[in-house]
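One chain, subunit A, links the two complexes that follow: it is found with subunit B in the first and with subunit C in the second.
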Partner chain A sequence: MPTMNLLQAVNVGLREAMRSDDRVVLLGEDIGRRGGVFGATEGLSKEFGAERVIDTPLTECGIVGSAIGMALYGLRPIPEIQFLDFIYPAFDQIVSEMAKYRYRSGGQYTCPMVLRAPAGGGIKGGHYHSQSSEAYFAHTPGLVVLMPATPFDAKGLLASAIQGEDPVIFLEPKRLYRAAKGEVPEERYTVPIGKARVAREGKNVTLVAWGAMVPVCEEAAGQAAEKGIDCEVIDLRSIVPLDAETILASVAKTGRAVIVHEAPKTGGFGAEISALIAEKAIEYLEAPIARVAGFDTPFPYTLEHIYMPDTRRVGKAIEGVINF
Partner chain B sequence: MAHSSRAPSATSPRQHQRERLLWLYRAMLRMRMAEEKVAELYPQQEMRCPVHLHVGQEAVSAGVCANLTPEDRIFGSHRSHGPYLAFGGNLGAFFAELYGKAAGCCRGRGGSMHLLDRPAGYWGSSAIVGGTIPIAVGTALEAVYHRKNSVSVVFFGDGAADEGILYESLSYAGLKKLPVLFVCENNQYATNSHQRARQALDNISERGPVFGVPGVRVDGNSVLAVYEVARESVRRARMSGGPTLLECDTYRWKGHVGPVGDIPMGYRTQQELDGWVARCPLRQFEQMVFAEGVLKQSDLDGVKQGLAREIDEAVAFAKASPFPDPAEMTA
Partner chain C sequence: MTQTKTKAKTNRAVKEKKPSIKIDDLPLPKADLLRIYRSMVLTRALDERGMMLQRQGRIGFFVPCIGQEAAQVGSAHALTARDWIFPSYRNTGTAIHRGVPMTEIIANLYGNSLDLSKGRQMPNHFSFKSIHFVSISSPIGTQITQAVGAAMAARYRKENMVAITDFGDGATSSNDFHAGLNFAGVFKAPVVFLCQNNQWAISQPLCDQTASPTIAAKAEAYGFPGVRVDGNDVLAVWQAVKEALDRARAGGGPTLVEAVTYRMGPHSSSDNPKAYRKDAEVESWKAKDPIDRFRRTLGDAGILSEADDKTLWEAARQEIVQAVKTVEAGPALPVETLFEDVYVAMPKHLAEQQQALRREIEERGGIRHGDGAFPL
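Let's turn to the complex of A and B:
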């Protein structure tokens, strides 16, 4: 099995989908000849031509809107937004149109498209190259929201997303593009949407994370193990639909939950998970639920390393729930 | 009726006062030298933010800003250094911001793409392409509301002319006859894509008149030509004559982002770059003022030496400054 990084897994996944299904069309800014600013679409224009790998004007609203139009009449468009931070000119098309088509047409239309965007901090890009806005999309019924943390999941979830009938927001943790490496099968496979991955089993504390916070939690769990604290790490992979079962079963076992995400704390998706645990598993809790998150400020340039949760902050939260 | 036109070539520098010529030269050179310093220091990896350099495009910011006063409102894009440096933004605060220091013009919160500097009239740049265009329109509404004589100027690229927000803003400003100068720095490329791969027609300046906004296209490497058309537009705006769309043809020498060239990426040719380097806005200006005998080499050398000292001091100041206190992040 070849070993590759997360970026390569996305690239391979896109190529495979385009080879096997001629309804798959890519569109975005500088995704053709240039292969995207990160290289996710490298080589695809050469193999599939400009008709299927469309370089668009700088028009996020137009990219998403036109992809919706293509999807309604039988194509499987995969638009790319260069950075998640640039998605807001398209926000109206996403929440008002893309998310609602199937429901409001009573199922006459589906809108099968996968909107890819690199997300999250870690590159010192400052306010507009760093944000994690999964919660906006999770709050919009009609959307599937995915965020893989491993190359294996990136390719497998992408395949599931492309074959599904509903629009998907596919968030790629840019900090892991090159940092996350792993084996990826050459043949086609799918990773089920709505199923979390238990990245590490443990008995004392449940850590819930997604994207670039998964390796941070794994590392923090390793450090906690040296102090005799046994952490379970749940990688959501799928934010919507949420795998409540896996989270609740874990909390029932450990009695302690720490939720970790990069986005600001207030209204972050951690709040939803926290509410879920409080509603469905409060009787198992040995300590209050803890959240480690970004801060309720715009994303800063210099203080990025303070803003983003790290092993130190996660470790402190683990000790907090243990020593409660 | 609003129409679009091509600006005439600049008049002779003899038509301009010596102070004005020196101001224009100094503004361009300040941009060039400060950015070359950024390029020189960037490999030390102490400036960690992405930088989009204006090198080669200096005449646009300088020529436009020469017409402004501190009461005017200037907005920029991700390529944000030009107006800041041309219009007297503090150099120490500039380098400190790029180094992410507390003494930066935004206290190290933004870095290169997001400079703001109130004292310099730089009301804001943003890394969101097109993001500041409607805000400039809003500041013009405020100026009219308060009967101020201020003009709002927004700099953006040819790429921003792909985005719908430009047209909504032109429409709004044209309807209300607002004192706005829309300045498109057409350097032909958005990242690696040529304008013709993104727009059916090479006619940005002609898109103003359909909204009641006169358009003018000008040689953006001729600082006097830019200065003269902008002077006319600013004068009109101050007399309640409404907005203007100015398209300035120019060219970026460095890569889209970063301190070095990008010819090996293969999307543009060395010949194309060479052609534009031969039309360097600073060199053209020097040759012209010497030929016309309005300034001497020693005049320009004096400007250069002063700036070199100023820049060295600014870098030393920035390097010696502390990083922001983590406690200030949420302040």
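Let's turn to the complex of A and C:
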């Protein structure tokens, strides 16, 4: 099995989808000639031509709106937003249109499409190349919101997303583009949407994370193990729909939960998970639920390393729920 | 270059100067001409140094303006002190010509405690309130509508302010470009739209952005004039922008000025343009380098000798070296500042987060300082 990084897995996943399904077209800024600013679409323009790998004018509203039209007409567009931070000119198309077509037409019209965007911090990109705004999209019924943390999941989830009938926000943790490496099968496979991954099994504390916070939690779990604390790490992969069963089963086992995300704490998706645990598993809890999140400030440039949750901060939360 | 069928016109000063020029033929006094040239040189020297600082890992990122100095300095020279600028991230020349001290510019690249914006943004995203240089953001085009609003506000207050907004060719595809021009036309706002058409939006050439023969032509549909000017001729830019400002000030409404220029360098320190554009194209524009051109004009007019030029370059480089030194000696950014300026007063939940961070740092026995460079 070839070993590759997350970026290559996305690239391979896109290539496979384009080879096997001529309805798949890509559109975005700098995705053709340049192969994407990160290289996610490298080589695709050469193989599939400018008709299927479309370098668009600089307007996210145009990219997403036209992709919706293509999806309505039967194609499987995969628009790329260069950075999640630049998605807002398309927000109206996403939340008012893409998310609502199926419902508002009583199921007559649908927009099966996969909107890809690199997300999250850790690359010294300041506010506009770092934010994690998954909660906005998770708050919009009709959207599937995915975020893989491994190359295997990136390819498998992308395949599921492209095959699926619902519009998907596919968030790629850019900090892991090159850092996350792993084996990826050459053949086609899918990773089911709505199913979390238990990245590490443990008995004492449940850590819930997604994207670039998954390896941070794994590392924190490794450090906690040295102190005799056995952590379970759950990688959500799928933010909406959420795999409540896996989270609740884990908390029922451990009695302690720490939720970790990069986005600001207030209104972050961690609040939803916290509420879920409080509603459905409070009788198992031996300590209050803890959240480790970004501060409630815009994402900074110089002080990024202070802003981002790290293993020390997660480790402290683990100790907090153990010593409660 | 395609000519537009619309009101877009080419300025008189666009034409190449003949070898020997009388100083009286030039539209500005000698002191102004030299000041313009000096700003162009400073901008170029800073760009050269900025790219080096990034390569050396002393700053994380850099955006050069190389090739666009005439468009920036020429337009800045046409403004009055009261006018407001709504810039893009490629506008350093404008700030330099407005007199921002080099240390303030360089402090922004380092984002330490000397940075007026407190290290909140990536390099080249300046905010210089004292010269009405509004805070730059990365999202393309957002400043365009804002400039229109400021212009409307000035008129409401019966103040003689004209707003100018700079943006690239790529930005003409943005929602804000169309909304902004439409508002300006409808409300006859005292605003000047300055498109620095440098032919590229990262890897995408102008033809990817528009099927229109020129950008200037777009103004017509919004009901006001569009002017196309040689953006590498600093005096032509000055004149075109000045006419647009004068008209706006007199109540004549907005103008779209398209300064035709070229991004001679990479999009940013993270970009490698060799991957998508031909060397020959870059070379052909090097022959039209705005600084060389203006130096020849000044030389022909007898107001800048080779020796003067050399001294000027040396002084510019020296000024930058000094400023880098000063900034590098500046203290690190205090961690507390992370929580400031989110709101006018710090709400309780932020104060608590700040307090928790303070405790965390005490327990850790200090903090490590950030490193790493923006990889793009």
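Just so we're on the same page, the second predicted complex is superposed on the first by the 324 of 324 C-alpha atoms of A that agree within 3 Å, B and C clash if a C-alpha of one lies under 4 Å from a C-alpha of the other, contacts with A are read in each partner's own complex, and residues count from 1 in each chain.
Definition applied: a residue touches a chain if its C-beta (ideal position, glycine included) is under 8 Å from a C-beta of that chain, and two chains touch if they have at least 3 such contacts.
For clarity, every value in this text was computed on a predicted model and none was experimentally measured.
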{"item": "Side-by-side fit of subunit B and subunit C on subunit A, or clash", "value": "clash"}
{"item": "Contacts of A:129 with subunit B and subunit C, given as first, second, both or neither", "value": "both"}
{"item": "Partner chain(s) touched by A:266 [first = subunit B, second = subunit C, both, neither]", "value": "second"}
{"item": "First, second, both or neither for A:244, with subunit B first and subunit C second", "value": "neither"}
{"item": "Touched partner set for A:198, first subunit B, second subunit C, both or neither", "value": "neither"}
{"item": "Which superposed partner A:57 touches (first subunit B, second subunit C, both, neither)", "value": "both"}
{"item": "First, second, both or neither for A:252, with subunit B first and subunit C second", "value": "neither"}
{"item": "Intersection of subunit A interface sets (partners subunit B, subunit C)", "value": "29-30, 33-34, 37, 55-59, 61-62, 85-86, 88-89, 124-129, 295-298, 300-303, 306-307"}
{"item": "Residues of subunit A touching subunit B in the complex", "value": "29-30, 33-34, 37, 55-62, 85-86, 88-89, 124-129, 295-298, 300-303, 306-307"}
{"item": "Residues of subunit C touching subunit A in the complex", "value": "60-61, 111-112, 115, 118-122, 125, 137-141, 170-171, 173-176, 201-204, 208-210, 270, 275-276, 333, 335, 337-339, 342, 349-350, 353, 357, 360, 364, 367-370, 372-376"}
{"item": "In the complex with subunit C, residue positions of subunit A that touch it", "value": "29-30, 33-34, 37-38, 55-59, 61-62, 85-86, 88-89, 123-129, 265-266, 295-298, 300-307, 312-313, 316"}
{"item": "Interface residues, subunit B side, partner subunit A - complex", "value": "48-50, 100-101, 108-111, 113-114, 126-130, 159-160, 162-165, 190-193, 197-199, 265, 267, 323-324, 326, 329-330"}
